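Consider the two complexes below, in which chain A is the common component and chain B and chain C are the respective partners.
Right, the complex of A and B next:
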């Protein structure tokens, strides 16, 4: 019989649960996760404590008595300068900056990328190189020239000015992203569309756009996190009434008057970080797929 | 058939076509006339400029100099969609987000055709190509053969004069390739359109073409019917390129109507010389493996040699024998039933009228 002949190892090799590899692998993963999650944990528990409890100094302990007071205060009562309406003003300012900046920059960059990969013109490579060079120049060197430019066109201190700045600064990296994605689309598809009589815009909207969804998700995430978290441009190119949320957060946290309300500061910081986090959780899967789709040819 | 004034007898005319990418000249002074309803195959190894030429005809590449005429119209500056061509690509190039129907009608919608006309043409193409059950599927849900059929359909619905095929069967597996090749030939018989077909596969070229243009280095080496290309290759390159296994070449000398190599003398009786007076010169003789006869038939051939069998490759339908003829290895194609073994000595016969003789210096046919 067959089972008499078949002695010794058979079938899949049994795996050891606590092998050295596994211990090392999971140990490293757990340590790195702790490194990132511990501060977050401290922030959350602190924001749910009252000030007397914080003064006891038990940083890692869970709140003895949960209070949402600091969150309410951070959102609608905390004072920055003369305004005492909390972060809510900054939140809406940020939204007003974010949406037009993201839409405008992605709309332009995607057309740029499409044109640079499919409609090559004389000097298009040079143009592209110059554009990419922009990604390597430190922002700080351009702050003052932009102040002058915005002043000259009358947009200094205006939300529109900040939208313009964000759109321009997003251009190099987004164009690179879209160009590389569209270059990976088979050239024959583009040729077929041309034989079928489609022009620049028709090919863009009907052929390329529907195929580029993953890369649009990547671009949206990059832009939303980048623009939402921006502090430097926000503080320079706007005025107190139009400060974005990050600038307001800074003003709340760094205010030197009165008692330091750690719980309010923590709540305010968490509130500010919430938007990119929500975007990430909503589109995380698409994001990973988009990164991969952009990297692999075919 | 009477010719209208100003109307050309040719379907496609390429006049003095130059194409350069920067300093690299890909096509140079190329002339080619393609007849109405002809199936022309551009054949060559990769990098010979065959696909480039097709893209020029389609208008997808801007040419450096020269003219392209289609149906008596100078289309040199015309957009691809204005040239009256349909094109089928190697990678199918179907629009992935559209259904088969969407793929077929995309070009017609761009041309702003009325809706019922679009419906009619899509239905007709689907019927010809037998893809009616697939009309509402997306390309991702189709097999390779079905995809290529849809791609052909996309050219078909445009109701064009000239079909351009850029290696349409290269992505298919061997069996499907043969099936679709037959279908393509049938389609050409049915539609009677001009078809220009790029391939590196000589079997496709031989089976499909009315005429073949063998290309090398951006120039046409020979333009002729498959029979001419196979039996009377104009130069060494074409002779070597066409035929599998490839032709046997022996270098020697041509003198007074005889070809000599080492101590063998081959009188070229019955050979159809390209020029009546052929001077003495170093030459190369080419003999196809399938034109070497063995066994009983040897008695009927004017030239007979004894060869030592070196290696035998049975291929089922026939047997390829490598034999030593003097210091040369000679390929002989024998019947699949032939019983030969390495080490044996066999007698072979060669008919000089079926051989090809080339000038060694110019590599042209004598």
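Right, the complex of A and C next:
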């Protein structure tokens, strides 16, 4: 390669910066970006305006007078039914659901993936196939039997029940993720550990777990956004006192009684979207990797 | 396969052959949650629902057989028919638009531009947000008194009307704008990964042959990206059938029942109308539609050369076409807007023909 480079100029002819194609290209991209950015912008702008200003002006205008009151109100005063302690309740409910669900689902799925790639037993592939196919079954067909099962074990309406549900429905995609990762680990490593007398759990904790840290991060990102954004399971398997944030947000915004306070609604919406957005902007490429891993094979 | 595996392990463990079931007991114990999930929740739960859809359950599930009564009633309920035609309209539009937008965005980003990361971040961030947040944000932007419509009117176009969320005929398009906003970034990402996987030499060869960029995309790149397109298709399709939160947050099925969808119908009948049997029948219909869509895909992905899959795939296609016909007739008889399902059906039929030809080519090649 180096000696060819010496013989003369190579590579494409340097392009003009403002060629017609470039203007078209960037123009289109910027136009489309506007469509994607518009809702976020409108939400932020609206949440910083007072109600009188919203009634007068247009949604796209920047706030003339910035007020943080809607945010405070959304967090601690907004009403759902008779409760008027704002979204904070939903936020803490969501946190209480999120942490055990993420830990439990990833713990189960990583062990599954490990067993499926290194400790195949008769029928393991069958169960795995059923698990993956199960990811395509509409949730609606399984919702009611799960209600019955949760009632039987006394967890219906409880946060624990919702944690179980999240672990169950997170299992297909996470198991796939971990199985694919552990399959790519050289088998010699596993065999060497076997020869040295390490058992199932020891190999898992001392060899596989430390190696799989990046994939654990991907799984955490996948689960945190997925569980935080869940609405369906939250609305069915919890009761009003334990509603997660998304359900409470919907109840605040779409309640029929009272005057609509659009600025408070938008502040509440942004608050709910904040957790996944922060994760998205912090994790960058890992987020993409997570959804790609989930998507390409799922 | 497992036999070979076991033998190699056994060689290390010792000569005595233990009972098969108790070999590697830890692996099996650790897999219990997975086995329970797969067999009890997924298989058991689904079968339970299907079985109970033939019962007259009302408030509580009971097994008093009523045959196909629930299904007959289901297909006579206008609300269900509206749900189905809404989902068909939303599904077809969403499929076409998401694939197109996703591919175009990916192709634009693949033109070696500056700031690719910035653009990609912008296109993908809505995917991190929940459907509830998406629905509420767009509900606000599409608000007739304060949102887009008001803005254009303030600019001086007094008679401008853009109020999809309060118009029964166009409400699904209001949902569509939000749905595409949320989901197209994901497809763009997948498409971009697919484009990056295409050999640079292909582009060089095309340039040498004097083929234009657009033509290269259409004639060479897209056919090469067939697996990526199929993956995207399955992904979008399985997302469409789950459409629920967005509707609840953005329109709550309104105005009236004009933006109802099947998933919402199921939940309403199970948990509000206390008519479990209807809910079970409706969810079974959802399951059937998923199976019909999945079989051809499963055939292409896993069942190459399997006669039975080919057979099932063909049956599924015939059923799908029939379902399209039924949808048109139903829409006709309920005098819902006739044009939309008809256009939808034509697109559907076109897609089917193409798909059929493709499957046929697939069989001849492999």
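Keep this in mind: the second predicted complex is superposed on the first by the 263 of 298 C-alpha atoms of A that agree within 3 Å, B and C clash if a C-alpha of one lies under 4 Å from a C-alpha of the other, contacts with A are read in each partner's own complex, and residues count from 1 in each chain.
Here, contacts are C-beta pairs under 8 Å (C-beta built on N, C-alpha and C of every residue); 3 or more make two chains touch, one makes a residue touch a chain.
If you're wondering where the values come from, they're calculated on a predicted model, not measured in any experiment.
By the touch criterion defined above, A:189 lies against chain B but remains apart from chain C after alignment on the C-alpha atoms of chain A. Looking at the superposition, the partner that touches the larger set of chain A residues, chain B or chain C, turns out to be C.
Touch criterion met: A:131 reaches chain C, while chain B stays clear of it.
Legend: residue contacts after superposition of the two complexes on their common chain; A:198 is shown touching chain B, with no touch to chain C.
Applying the stated contact rule after C-alpha superposition, one finds that A:211 touches chain B and leaves chain C untouched.
Legend: residue contacts after superposition of the two complexes on their common chain; A:148 is shown touching chain C, with no touch to chain B. In the superposed pair of complexes, A:222 makes contact with neither chain B nor chain C. Overlap of the chain B and chain C contact sets on chain A: residues 191, 194-195. For chain C in complex with chain A, the touching residues are 1-2, 5, 9, 12, 20, 23-24, 26-28, 30-31, 33-35, 37-46, 48-50, 52, 61, 105, 108-109, 111, 113, 119-134, 136-141, 143, 146-148, 150-151, 154, 181, 185-186, 189-190, 193, 231, 235, 238, 241-242, 244-245, 248-249, 252, 262-263, 266-267, 270-271, 276, 279-280, 282-284, 286-287, 290, 294. Against chain A, the residues of chain B that register as touching in their complex are 55, 58-60, 79-81, 85-87, 89-91, 93-97, 106-107, 110-111, 151, 154, 158, 166. In the complex of the two chains, the chain A residues touching chain B come out as 186, 188-189, 191-198, 202, 206-207, 210-211. Per the touch definition, chain A reaches chain C in the complex via residues 25-26, 28-29, 32-33, 35-40, 42-43, 46, 54-55, 58-60, 108, 111-112, 114-116, 119-122, 124-125, 127-128, 130-131, 133-134, 136-146, 148-149, 167-168, 171, 175, 191, 194-195, 199-201, 225, 228-232, 236, 246-247, 249-250, 253-254, 262, 265-266, 269, 272-273, 276-277, 279-281, 284, 287-288, 291-292, 295-296, 298.
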